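The next part holds the structures, each set out as structure tokens.
Shared chain: chain A. Partners: chain B in the first complex, chain C in the second.
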Partner chain A sequence: MAKITFDGIEVEVEDGTTILQAARKIGGDVVPPAMCFYTPLKGSGGKCRVCLVKVTQGSARDPRPMPKLVASCITPVQDGMVVENTTNEEVLNARKGIVEMLLINHPLDCPVCDQAGECDLQNLSYEHGVSATRYEEPRRTFDKVDLGPYIQLHMTRCILCYRCVYTADQITEKRVHGVLGRGDAAEIGTYIENVIDNDFSGNVIDVCPVGALTDKTWRFKNRVWFTKPMNAHRDCPTCSGKVTLWGRGDTVLRVTARKDEYAEVEEFICNTCRFDKKEMSDWTIEGPRHIDRGSVISANHYELPVVNVPIVPNLPKSTVKKMPTE
Partner chain B sequence: MGIKILTEHINVPGIETLEVYRKHGGYRSVEKAIKTMTPEEVVEEVKTSGLRGRGGAGFPAGMKWSFLAKPEGVPRYLVCNADESEPGTFKDRVFMEKNPHALIEGMITSSYALGANTSYIYIRGELLFVLRILEKAIAEAYAAGLLGKNILGSGYDLDLHVAPGGGAYICGEETALLESLEGKRGNPRNKPPFPAVKGLFQSPTVVNNVETIASVPWIVNNSGAEYAKIGIGRSTGTKLISASGNINRPGVYEIDLGVPVEEFIYSDEYCGGIWKGKQLKAVVPGGSSVPILPADLILKTAAGEQRLMTYESLSDGGFVSGSMLGSGAFIVFDEDQCIVRNTWNYARFYHHESCGQCSPCREGTGWMERVLHRIEHGHGHQQDIDLLVSVAKQIEGNTICPLGDAAAWPVASAIRHFREEFEWHIKHPQEATAPGAVYRGQLAAATV
Partner chain C sequence: MTLSERMYLPAIAQGLGITLKHFFKKKATINYPEETRSRSEIWRGLHVLKRDENGAERCTACGLCAVACPAEAITMTAGERKKGEEHLYREEKYAVTYEINMLRCIFCGLCEEACPKAAIFLQDDKLAPARYERDEFIYGKDRLVEPLKTTETK
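After this line comes the complex of A and B, so read on.
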């Protein structure tokens, strides 16, 4: 076991745990954001750099600070490590800089993007972004590409987190897409114009932190914050069949895997559950799905639009409204 | 003239053949090491020599070797980084092209020291003709029993392979090189684990530059203590310098570390002075990624001491008034060179070569290039200078591999030392974009 101090809070974790996971054990506002790291995917992380933290004391044995900011998602803890995240100006400035980098080539088309409302990049830029851009040049653009009948790739929005690449590598038998090109011309592609065709291909939509990979059966049907999330299950021969249904009235608009507060799926689901079972009668409804993530969905129909009254415990900050005082 | 360790026989006709190479004392170190020394003793000699990595970072080679993990039953690898692609660097190419056996001898001796039975030379894709020279030399060495099973009857086996890259600068970064060598996309890996623990094919691996490995035979033949006598302080031995730019005698020079920079530029033995007797404006002393220094700071440190060609002296003053020896690509600019144009050129290179894996480098290199392009072509705004400084700072230190730093340093240093020139470009776009126009104000001020 290793004991570390994260933003002044002590936490004890297993050896080999990463700093990010240790911070998630504490939870709340101190947890560094993560755009590319995804717990269920081995080898992910280290790419987007938004989870950078300052290690002011390497370990109890060697108390020297680490010279550079480190990516908390891939750096293992050492006993006696002291880490600063939200308490360190340098970290916050670096994060601000990186969010700016992520946004310079992002189209910021949230008003027409299906991911809006549950988008990691949107949340990140609300919290760490700047209100104006310093980037004057044209943004890079790509044409939309259909990756088979169910998935559309809108590369313009992609932040190259590589999650979908790892997903295809690790949970499907054959990966047909990958990263082509280099630098800011790098793109996700199926060389050449291939179709992603296997039972678990739909999971790339769930792992995508932005709206680059979208579900074609759901595109433009509704805004996520108008839909009701429900836990449901069915007897599925290929996957666990445990999903979240997003519906309006009696219509099921989309099916996703169940995601935790860091948008990480509990269990990957198969394409049949995701794309084909769009009737209420296909599913056994378990009840409303509580969404923990800091996004607009949190303030949905199951939680009252509370005005600073803690009826629901641990309500995310984004739901707290500022009302004029009398 | 100092001692020549690497280039002594480089111009001997036929040195690329095994016969001539052996006539000039070639492969003595292999015999000496394999027959009379234990691997640990060889590592110890290299440690004593103080030999530092010649690829750019200058990390002590002996120390790197001693970090190599040695778990039972797991193969170890030595990989020679011949992916020399930094703008301004061409020493390894000349060396391998002329004297391939010297590298092979170094590879055998070093592999023996590290206990590697399979070693690789990862060569830059553009140097296919050098690859053929190396392959020919390796075939000769196999035929002579210097490679393969049971080398010189000692029971030590070594297979040496040459693998070409696809011509990506990023594959000169050691972990990207290993990925590429494994047949994957050349993306740098997250560290830790370091290659010394998990490198090529998840096995302990040492990656060394061509020049580092080629220095090992001399150290084995003449002892590490002898090697340590050459040079000054912690910068021991000799170094190949690729001198280019506006000088009378561009080329590859082997110098004893510690030669004064002034002597290196103006002595007829080396660069032979500035071309056409013009005035020195600036120098990039270690390849495009290190900070550029103006004439006054390259000849003397900020404290007024003479600057020497050593790792320490060139980095004296940190990045405020110093630079780095890097890979030894000495690029000289005379008074007619435009710093803005040059900085844009470098930024364009790094934009093109960024692997696109981590966000600050992927987006930032392109951003810097576009802003510099704007300034160079007369469309800059006054706030662009601070924007560049800020973007460079956002990249520096926040990336997976050093390419981000390498992209940020030249831009930041050019603005630090030549801010006036950038301002002039922005204020006088018409004059600045005229053909051959160069800002000379700062130069005049420096000479007064």
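After this line comes the complex of A and C, so read on.
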């Protein structure tokens, strides 16, 4: 076990845990943001640099500070480590610069983009970015690409986090999806129009932190904040069948995997559940999904009130709110 | 009461005096609709969906006006622009229907503030006129979108 101090809060974690995971154990506002790191995907992390933190004391044995800011998602903890995130000016300034770099080639077409409202990059730039851009050169542009009948790739919006590449490698057996080119010219390619036809290929939509990979069956159907998220399940022979339905009235507009507070999916779902089961009768509704109060999706979203929780039997986990401790 | 009070004559004269004074005052009424009162420069009246300099609709149906609306008066459905419609719609997504319920609207102007595309504005010279039927107050795109400018009216 290693004991570290993160933003002045002491936390004890297993050896080999990354700083980011230790911070997530504390939770709340001190957790560094992560655009490329994704817990269920092996090898992800270390690319986007938004999770940079300052290590002011390397370990109890060697108390020298680390010379540069380190990416917290791939740096393992050491006993006696002292880490600063929100309390360090250098980290916050570096993060501001990184957001600016990520947005250099981003088209900022949020009013058109289907990801708006649940976009990690939107949240990140809202919290850490500046409202104006200093970039004057033309942004790189790409045409829309259809990856099979269900997925659309908007390469202009991509921040090259590689999450979808790892998903395609690890969830699916064949490698059909990768990054072509280098540096500024890098792009997500499908090896010359190779369609992704794996049964779990739809999960690249869920892992994408921006609107680069979007669901074609949901394209322009509605805005995410007008839809109601509900937990539901069905007997699925290929996957767990535990999903979130995004609907309006009695129509299911979109099906996604269930995501936790760090937008990481709990269980990957299959394409049949995601794209073909768009009827209320296909699903057993468990109840409304908990939406963070600060999210735009929480507008007009009603959950079971806290006072009723003890008297309603067999409530799904998502509806139970944490009671304030006295 | 005194004698003069009992006669009521001074009181009647006083009352007539007030009436006479009003003959020479400026009238409080105007001949609407021939004349209209001047409004404040920041008056918020009937909505308009603007077009850009090429005559294409600016609205992309992003839904920010509807989520900002405290009266929930705005509804819309979005559609994808097809090839050859670039002169009609500015962006690849556009509003197929866009409705504002003028009975619900409180003319607060939050939709105008929320709009990222400078598409919706509350005009300073137009009102939603009185009508007989409730459904006539639901303004669709036919009444909201700014009319196309022709060469004569330019």
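We adopt the following convention: the second predicted complex is superposed on the first by the 296 of 326 C-alpha atoms of A that agree within 3 Å, B and C clash if a C-alpha of one lies under 4 Å from a C-alpha of the other, contacts with A are read in each partner's own complex, and residues count from 1 in each chain.
The criterion applied here is as follows: contacts are C-beta pairs under 8 Å (C-beta built on N, C-alpha and C of every residue); 3 or more make two chains touch, one makes a residue touch a chain.
The model shown is predicted, which means the values in this text are computed figures rather than measured ones.
Considering only the touch criterion stated at the top, classify A:Arg223 as touching first (chain B), second (chain C), both, or neither.
Once the two structures are laid over each other on A, A:Arg223 reaches chain C alone.
Based on the superposed arrangement, let me know which partner A:Asp184 touches: chain B (first), chain C (second), both, or neither?
Only chain B; A:Asp184 stays clear of chain C.
Does chain A have more residues touched by chain B or by chain C?
The larger set of chain A residues in touch belongs to B.
Once the shared chain is lined up, is A:Arg61 touching chain B (first), chain C (second), both, or neither of them?
A:Arg61 sits against neither chain B nor chain C.
Of the partners chain B and chain C, which touch A:Val112 in the superposed model: first, second, both, neither?
It touches chain C, and chain B stays clear.
Output the chain A positions appearing in both contact lists, the one against chain B and the one against chain C.
none
Which part of chain C faces chain A closely enough to touch in the complex?
Within the complex, chain C contacts chain A at residues 60-64, 66-67, 78-80, 91-93, 116-117.
In the complex formed with chain C, which residues of chain A make contact?
Touch list, chain A to chain C: 109-112, 116, 219-223, 225-226, 296, 299.
Quick one: in the complex, what on chain B touches chain A?
168, 170, 185, 190, 192, 351-360, 362-367, 370, 387, 390, 393-394, 397-400
So in the complex, the part of chain A that touches chain B is made up of which residues?
45-50, 52, 68-69, 71, 74, 76, 94, 97-98, 100-102, 104-105, 134-135, 137, 159-160, 162, 178-179, 181-186
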